[in-house]
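Can you keep this structure in mind? I'll have questions shortly.
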Amino acid sequence: MTELLPVAVLGARGRMGAEAVRAVEAAEDLELVAALGSSDPLDSLVSAGARVVVDLTVPDATVGNVSFAVEHGMHAVVGTTGWTADRLARLETLLAGTPATGVLIAPNFALGSVLATAFAAAAARYFDSVEIVELHHPDKVDAPSGTAVRTAQLVAAARSAAGVPDAPDATRDQLDGARGARVDGVPVHSVRLRGLTAHQEVLLGSAGEQLTIRHDSFDRASFMPGVLLGIRSVARHPGLTVGLDGYLNLQTGGTGS
Amino acid sequence: MTELLPVAVLGARGRMGAEAVRAVEAAEDLELVAALGSSDPLDSLVSAGARVVVDLTVPDATVGNVSFAVEHGMHAVVGTTGWTADRLARLETLLAGTPATGVLIAPNFALGSVLATAFAAAAARYFDSVEIVELHHPDKVDAPSGTAVRTAQLVAAARSAAGVPDAPDATRDQLDGARGARVDGVPVHSVRLRGLTAHQEVLLGSAGEQLTIRHDSFDRASFMPGVLLGIRSVARHPGLTVGLDGYLNLQTGGTGS
Amino acid sequence: MTELLPVAVLGARGRMGAEAVRAVEAAEDLELVAALGSSDPLDSLVSAGARVVVDLTVPDATVGNVSFAVEHGMHAVVGTTGWTADRLARLETLLAGTPATGVLIAPNFALGSVLATAFAAAAARYFDSVEIVELHHPDKVDAPSGTAVRTAQLVAAARSAAGVPDAPDATRDQLDGARGARVDGVPVHSVRLRGLTAHQEVLLGSAGEQLTIRHDSFDRASFMPGVLLGIRSVARHPGLTVGLDGYLNLQTGGTGS
Amino acid sequence: MTELLPVAVLGARGRMGAEAVRAVEAAEDLELVAALGSSDPLDSLVSAGARVVVDLTVPDATVGNVSFAVEHGMHAVVGTTGWTADRLARLETLLAGTPATGVLIAPNFALGSVLATAFAAAAARYFDSVEIVELHHPDKVDAPSGTAVRTAQLVAAARSAAGVPDAPDATRDQLDGARGARVDGVPVHSVRLRGLTAHQEVLLGSAGEQLTIRHDSFDRASFMPGVLLGIRSVARHPGLTVGLDGYLNLQTGGTGS
């Protein structure tokens, strides 16, 4: 008989945390051994026998939580923001002392979104032109979205590394804003529309062809497959991994196409 | 036996004109009786017996051509630009003297594009939000496209006439240009991508739903069905009509949906 | 001061009915004067002074409810199914006796969906080819969707009325099912995908161009604007109207495009 | 000064061959040293000093051409069809004798299409549902397209290898063909529309999210960047490579997303 993997969820009373609790309970290969709120002591993780700790708390708490987990030989899957370069560096130092322990810090657990960004970055060097259109509900306060900015940065870096010249653009006569915002030289257009949730299209074009990579996020449920993938995979990835795509197998092995 | 409709094409050596010559010749119900270049005398239209004159010339020539046609009782289908309000007013005066004669002046003969704009204008009052994304080849010098500006103006006018409030938008923190250009308050985003020709999406959203009206123009061939529709319909529309949609039957009669 | 329109909702304990109750309460120009469940007596509609009755009940109850409303001079807005041709005929007879009373029977209250179907039907005669792709969640038991079947029927009828020949199709060698189902000759393709709700694309093509009309329904909230439009408009449409599009103003008046 | 790479094109009078001749001549790092038609002797390849031979001929000629190239130590980039398993096996035997020589046999040189297929195959294991919609001009005789069949096979193989269960589908009541053709269990829908060229969408869905990978091929020009990539890369890939994706760097290295 297969042994269940004992999992603890921190931040279990938050919206993401509550979803994670349900997802772990529903998974046949996982066992929820602890579900802690902000005032619960971390010691109970040890007595509960957790092997993987899922941190969905707040920036002020996440560093202490992850350090505790690592010091006690538990793996950690982290969706909390606030991991500055400095905090990451200290975590790597800590991890150097326990070479078998893995930590995943993922700003985005939506598998489709992570894949879309990775594919856009991989494809960007092969096309003359690339632009991004992101579409969200009208209550969003920032434009472009963080995901679009990050995608544009990765696309720009990939093109720069491959020596791709700037995209052609003969625009001489324009209304202010028509050609979008520029993020590292990549045009990004932000649509705000009642009825939408969170959507993004990366458009890549060359003579005679276009490649479009679109991701639609309809609700929070889309994060749970990524959280479960992180829980199941973290033990096989010792050390620090930033970004869920580090756990994805994007190589197709040769399709013969 | 059905009589063929005798048609003359002016500007027959230009790109659009040459296509129109081919389209008229290929149509079973039409007969090409004249195909004139810029230096050919207009008198030959009379001797050729033209009933409909298609003007695909240049702004300097079109007024004289259309006046000649109207004065000789011929209908005119005009794709040439340059028809200012003043020129249109004088043409209407001239037409008042020959009540059976029709003139169509159409800035756009692509049926799909004309329909897309008309549908967007008709739908605009029923949604909270509306934005336009237009996409063209990167050799285009202006942004947004003329079609997008016109669509935005019609959308804005329809919403204003129906008393629709401004679209919701909580954006507080943005990169310059992210939210597009504003045309009469409607956000318009211009994408330039190698491989594309001319494309436009109107996005309309309300709580729980989205309506998208997209037109793709892949090549000049798309103008000919509209030119033929104009030729066949102009005799049934005496007086001046501006815009091919004046000839389209957009009413569905009640679908029972 | 503007007088509020007194509205009653029948079927107020059902999912649609409960949404309608909330929508009427939230509308500044409407007053909810009754919200009845299946066992509540209809007499209370009279004492409550309802001017418009919204019926969101079940096929067995709707005929009696609407008859009661019409007999008492109230307008009715009906979202319940089960209105056979025979039932509709009897309702029209009843309405003939009270010429000022209006009844709207609408199989679909999603404005965007109703508009999309109406636009597709209006555009269909102007294109060589037309196909429908509908996309739904994988728990749906029928394929194609009722909306897609209805859209295809209207598209086919419009093409037939205009004498449009069959769409070109050189397919000789095909896998079973590849070219979709045929509804009155129109190919309809049904996609079932986890994560989706209810979506439909009508694709229209001619030489050099494509027109795409897409509707996305993300949740039930999308029905309420249509219900409110029906409530506010029914008094101005005496007699029987089938289909919400009978209340929509789809004519654009001439866009000059 | 950089040395130019000497390239020969076989099948130079065919449509693809003529495009390749122009593309090689236009490339600053390549030198066209031979452009042979079907009756020209292969010996001239040797005297011309070709380092890379591009074969765009016919199934009957390609085996002899490639063998000649390999036997004379030239690399080969092959777009001709007709390479059966048996022919490929014999080519590998031949290549074993000249370990520095590379041969690329690519059924598809459109970079965007190759990338789209590779991305679809890589993503397929991470989603509950996957379906393919391919759209072509109405003169196409087969349905689904070869590219769609191949994409479906690769998607199915990737899901099978990862142990992904069948996509959910509650359809009980359907019109014949509505749910498309099945290729290794993957539903494939074929749209035929006047105005289109060659287009494909792979739709992937899980709870709360959708990933769409779309490729549009507008004209033959889209093949040339892939041909040039093959020419420039073949010397760095000794032995036999089937499929242009074997030359693409699809790994993103870790985006940190």
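Order as written gives the chain letters A, B, C and D; numbering starts at 1 within each chain.
By our rule, contacts are C-beta pairs under 8 Å (C-beta built on N, C-alpha and C of every residue); 3 or more make two chains touch, one makes a residue touch a chain.
As the structure is a computational prediction, the values presented were derived from the model and not from experiment.
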Checklist line | A-C or A-D, whichever has more C-beta pairs in contact | finding: A-D
Item checked: Chain separated most widely from subunit B, comparing mean CA positions -> A
Note to self: Report the inter-centroid distance (CA atoms only) between subunit C and subunit D in whole Å.
What the structure shows: 46
Note to self: How many angstrom lie between the centres of subunit A and subunit C, each centre taken as the mean Cα position?
What the structure shows: 41
Margin query: As a quick test, compute the distance in whole Å between the mean CA positions of subunit A and subunit D.
Written below: 31
Notebook entry, point to check: What parts of subunit C, by residue number, touch at least two of the other chains?
Noted result: 127, 195, 204, 206-210, 216, 218, 222
Item checked: For the subunit D and subunit A complex, residues of the former touching the latter -> 106-108, 110-119, 121-123, 125-127, 147, 150, 154, 158, 204, 206-225, 229, 241-246, 248-252, 254-257
Check: Contact residues on subunit A for subunit B in the complex?
Finding: 127-131, 133, 135, 138-144, 167-183, 187-196, 203-210
Check: Within the complex, which stretch of subunit D touches subunit B?
Finding: 195, 197, 216, 218, 222
